[in-house]
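Structures incoming, each one as structure tokens.
What follows is a pair of complexes built around chain A, which joins chain B in one and chain C in the other.
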Partner chain A sequence: MGSVGHVQPQSMHFAEPLPLKSGAALRDYTLVYETYGTLNAARDNAVLVCHALNASHHVAGTYDGQPKSEGWWDNLVGPGKPLDTTKFFVIGINNPGSCFGSTGPMQVDPATDQPYGAHFPVVTVEDWVDAQARLLDRLGITQLAAVLGGSLGGMQALSWSLRHPDRLRHCIAVATAPNLSAQNIAFNEVARRAIVTDPDFHGGHFYAYGTVPKRGLRVARMIGHITYLSDDSMEAKFGRSLKGEAFGYSTQDIEFEIESYLRYQGDKFSDYFDANTYLLITRALDYFDPAREHGGDLTAAFAQARCKFQLVSFTTDWRFSPARSREIVKALLDNRLSVSYAEIDAPHGHDAFLLDDSRYHALLRQRFANIAAEVK
Partner chain B sequence: MGSVGHVQPQSMHFAEPLPLKSGAALRDYTLVYETYGTLNAARDNAVLVCHALNASHHVAGTYDGQPKSEGWWDNLVGPGKPLDTTKFFVIGINNPGSCFGSTGPMQVDPATDQPYGAHFPVVTVEDWVDAQARLLDRLGITQLAAVLGGSLGGMQALSWSLRHPDRLRHCIAVATAPNLSAQNIAFNEVARRAIVTDPDFHGGHFYAYGTVPKRGLRVARMIGHITYLSDDSMEAKFGRSLKGEAFGYSTQDIEFEIESYLRYQGDKFSDYFDANTYLLITRALDYFDPAREHGGDLTAAFAQARCKFQLVSFTTDWRFSPARSREIVKALLDNRLSVSYAEIDAPHGHDAFLLDDSRYHALLRQRFANIAAEVK
Partner chain C sequence: MSERKDIELIADLVPVGSRVLDLGCGTGELLAHLRDRRQCTGYGIEIDDANVLACTQKGVDVIQLNLEDGLAIFEDQSFDVVLQLDTLQHLRNTERMLKETARVGRVGIVSFPNFAHWPNRVQIAAGRMPVTRVLPYQWYDTPNIRVGTFKDFEVLAGKNGLRVQESFGIQDGRAVRTLPNLRASVAVFKFDRG
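Presenting the complex of A and B:
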């Protein structure tokens, strides 16, 4: 099993506005993307990998001169890996609104010649899927062998099966949900309030003030991080271990290892992530709810789907629990669609979808081997 | 079942310093407390009720002229209620470090003539128990019929059984834990970071600046609130209900009812709660760990206990889950102590300990009836 090696992001400009679910439009935008492997002559071996909150188009490989720059799903994607780039043409696309190269709030709004900031239009999972579809049009890919995603990426994979049902043969949605629960929305909202009420946020137009709402970003990331890990894995990794030898009896200094870890994660995140992007992406999560337009009936929502489905959840994921995946499975079965479902007994909580759990990877390896057998 | 009626807080001054677990001392302090019912001639019918993070000495009854001022456990304490004030003399004491009348960070440090602020000494569960014991000395109460508490109050009840084993006959600890898990500490730490990094906090000396770190307090309270409710009860109460008729597509405005609810809770809390108290009380939670001084052996920690125990947990409490109560039960059984344990199937999460669940209240009613039968 090897790496895809050195990779280079590409970019594609779109002059035609993208109509958005909100009724607004994104005009004159650029998408950054990466591809690994080779598109075959039949153009039927393409796999789209959709990213979640914190990731990007950089799915696999490294950048020249940056040895620690592995893509976020490098353990899964590469020659001989479960998603085998000797067989598939793999595409990662940075979604609009992100802060990793595609048009987003940090970039200049052609209408005002100022950074979009808080004026960047609200984007949804459906908008991202439509933007991805346009990029694939340009690459001459009519139908994808598969769309794969975890968490928010899994929502995009599901949305593909509904918006463009004939453009994918397989939908592989990992650690995802048919919509956010009240508790999920609540965590997003607290994170957003931390950002929006940071005085350095300036209503989302902080670029003009030369500030970055780092306090809010740190708190947002710390909250997020707690929900990515399982109670058990946090206990196993940190427990009540102290940073020092004994209690220092302080309300503001670090006492426990877990505090040190969370502060570090928050600091690191606040150095590179854009605050407006955080708001946009958590809102895309909140809004996703394909059953909504069908009176809350998820079975009715999936009536338009045509592809085959693989759902995967993890037992200790309390953010998007197995019960949420089973709701999707039920709706697919109600429609007599082809669906496989695996509930992996993994200790790592939501984060498990990014990790190299042997049963999980074996499952995806087999699934992609079956898909590879279908391509020409 | 009636109310204890109009009540009045009392206060007691202590000139002798209180030695603290940290090695520091609290000098020249005042405790505010309330009592309901009558201490009998044998002085053996006193029940101490310990408060948690957000509560105070005001356990039951109302204040004259303030009809909506019911004490925080008014549904449990009163004539004919489970903790019957026609039989028991019930005492609520505001812990030092709090912001409801007892000496705390908002008050003047006699050493500097300035508000304590961040210089208020770090207080622990054990320090609170010792302060409570001194107040009971002054009231002439040698032995309590029972100590009762939920959550952080339950930790105080447990600590009573260890520090003053001959001064209580019954320990009733509800929805509590033998220590905080890594995840519990993590949530506390995020809340503290939100407060400490609020520019209006000024290192804890905000009183001198005429500011209040309301942004941080709001975020802290929102985080806390999520952990007090169960996923299911939040779903039942709010689900994905919208505040308006349809999506407004905004990253900063309220879309969902749950957002509105959390913002309201945060606003209300930031109007009355002291930021330094929040830090102190969450730290008292973090530090509580009676097994620590016994090499992590909870059974060894409880070897010194003498009283009878009643433990109660709630199935949907994910903050202090039933598994944590069972750890305590095991340690008590290992010591051949008298212990009853009830796991109440209630939907309300951690908050259940404050609510009038019929099975829960029936259990406490029976327990206190049994205790009442023992008094003279």
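Presenting the complex of A and C:
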């Protein structure tokens, strides 16, 4: 099993406006993307990998001169890996609204010559899927062998099966849900309030003030991070361990290891992530709900789907629990679609989808081997 | 239920082109057989990780669920045939699963070890719980938490208003139609809701 090695992001500009679900439009836009492996002559071996909340187009490999710049799904994507780049042409696309190079709040709005900031239109999962479809048009890919995603990426994979049912043969959706629960939305809202109430936020136009609402981003990330882990994995990793030898009787200092860890995660995140992007992406999560247009009937929503499905959940994921995946499975079964579902008994919570649990990777490896057998 | 001949005997009960649900499908061998030889479609239900992977290897659609949690995920009469082979005896709520099988499928097919097979009777007569090829466990460590006989199932089916369309025993890869309760180690029933 190897790495895809050094990779370089590419970018593609679209002069034609992208109509958005909100009724607004992106007048023109750029998408940043990476590809790994080779598109075959029949152009039928492409796999789109959709990114989750804080990730980007950089799925696998490293950047030249930056040995620690491994892609976020490097354990899964590469030569001889479960998603084998000697067989598949893998594509990672950075979505509009992101802070990793595609047109987003940090870029200049051609209408005002100022950074978009808070004026960047609210984007949805469906808008991202449509933007991705245009990039594939340009690459000459009419049908994907598969769309793969975890968490918010899983929602994009599901959305692909509904918006462009004939453009993918397989949908592989991991650790995802048919919509967010009230509890999920509540966590998102706390994170957003942390950001927008940071005095450095300046109503989303902090670029002009030369500030970054780091305090808000830190808290947002801390909240998010708690939801990605399971109680058991936090207990195993940190328990009640103290940084020092005894209680310091301080309410301000870091005392417990878990506090130290959360602050570290928060600091790291606030150094690279954009506050407006965080607001946009959490809102896209809140809005995703394919059943909504069908009176809340998920079975009716999936009546449009044509591809084959593989769903995967993790038993300790309380953010997107197995029960949420089973709702999707039921809707697919009701429509007599081809669906397999694995419920992996992993201890790591939601984050398990990024880790290399052997049962999980063995399953995806086999699934992609089956898909490779269909490719010309 | 991994032996080839047993699988063929049971597959013969499934009409060509059926939409099938296999409860406790194991490695997916029967589903693959039904797909390849009888143009059937459908899904397996399986709890074990290794079996789920084996099903994927065969290209059989498998849903990883615990049968003890019931079949609420499936609508009434949504399958032509629901199979429950060598599974019923492992379940705590046998009667409920049988009812669920009849609810979800137009036809149900079950198989289970026949406790009344004569070598078992001989061992019981000698005062010990039987240990045989089909029931290879000691009484204290058996995964077969239910033991029943060919005749017992007829009674249970009748109690639940199920109509037995066809039944036979299997012994050494052959169907046993005469005195199956005595002569066969495996009991097979095909039934509907009458």
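Note that in this section the second predicted complex is superposed on the first by the 376 of 376 C-alpha atoms of A that agree within 3 Å, B and C clash if a C-alpha of one lies under 4 Å from a C-alpha of the other, contacts with A are read in each partner's own complex, and residues count from 1 in each chain.
Here is the rule we go by: a residue touches a chain if its C-beta (ideal position, glycine included) is under 8 Å from a C-beta of that chain, and two chains touch if they have at least 3 such contacts.
Since the structure is predicted, the reported quantities are computational estimates derived from the model, not experimental observations.
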item	value
Partner chain(s) touched by A:223 [first = chain B, second = chain C, both, neither]	first
First, second, both or neither for A:363, with chain B first and chain C second	second
First, second, both or neither for A:6, with chain B first and chain C second	neither
Contacts of A:339 with chain B and chain C, given as first, second, both or neither	second
Contacts of A:268 with chain B and chain C, given as first, second, both or neither	neither
Chain A residues touched - chain C or chain B, whichever exceeds	B
Chain B/chain C common contact set on chain A	none
Touching residues (chain side chain C, partner chain A) in the complex	19, 43, 49, 52-53, 55-57, 59, 61-65, 73-75, 78
Residue numbers on chain A that touch chain C, as the complex places them	326, 329-330, 333-334, 336, 338-345, 359, 362-363, 366-367, 370
Residue ranges of chain B in contact with chain A within the complex	21-24, 118, 122, 179-183, 185-187, 189-190, 192-194, 196-199, 203-204, 215, 218-219, 222-223, 226, 229, 231, 234-235, 237-240, 247, 249-252, 255-256, 258-259, 262-263, 266, 276, 279-280, 283, 286-287, 289, 318
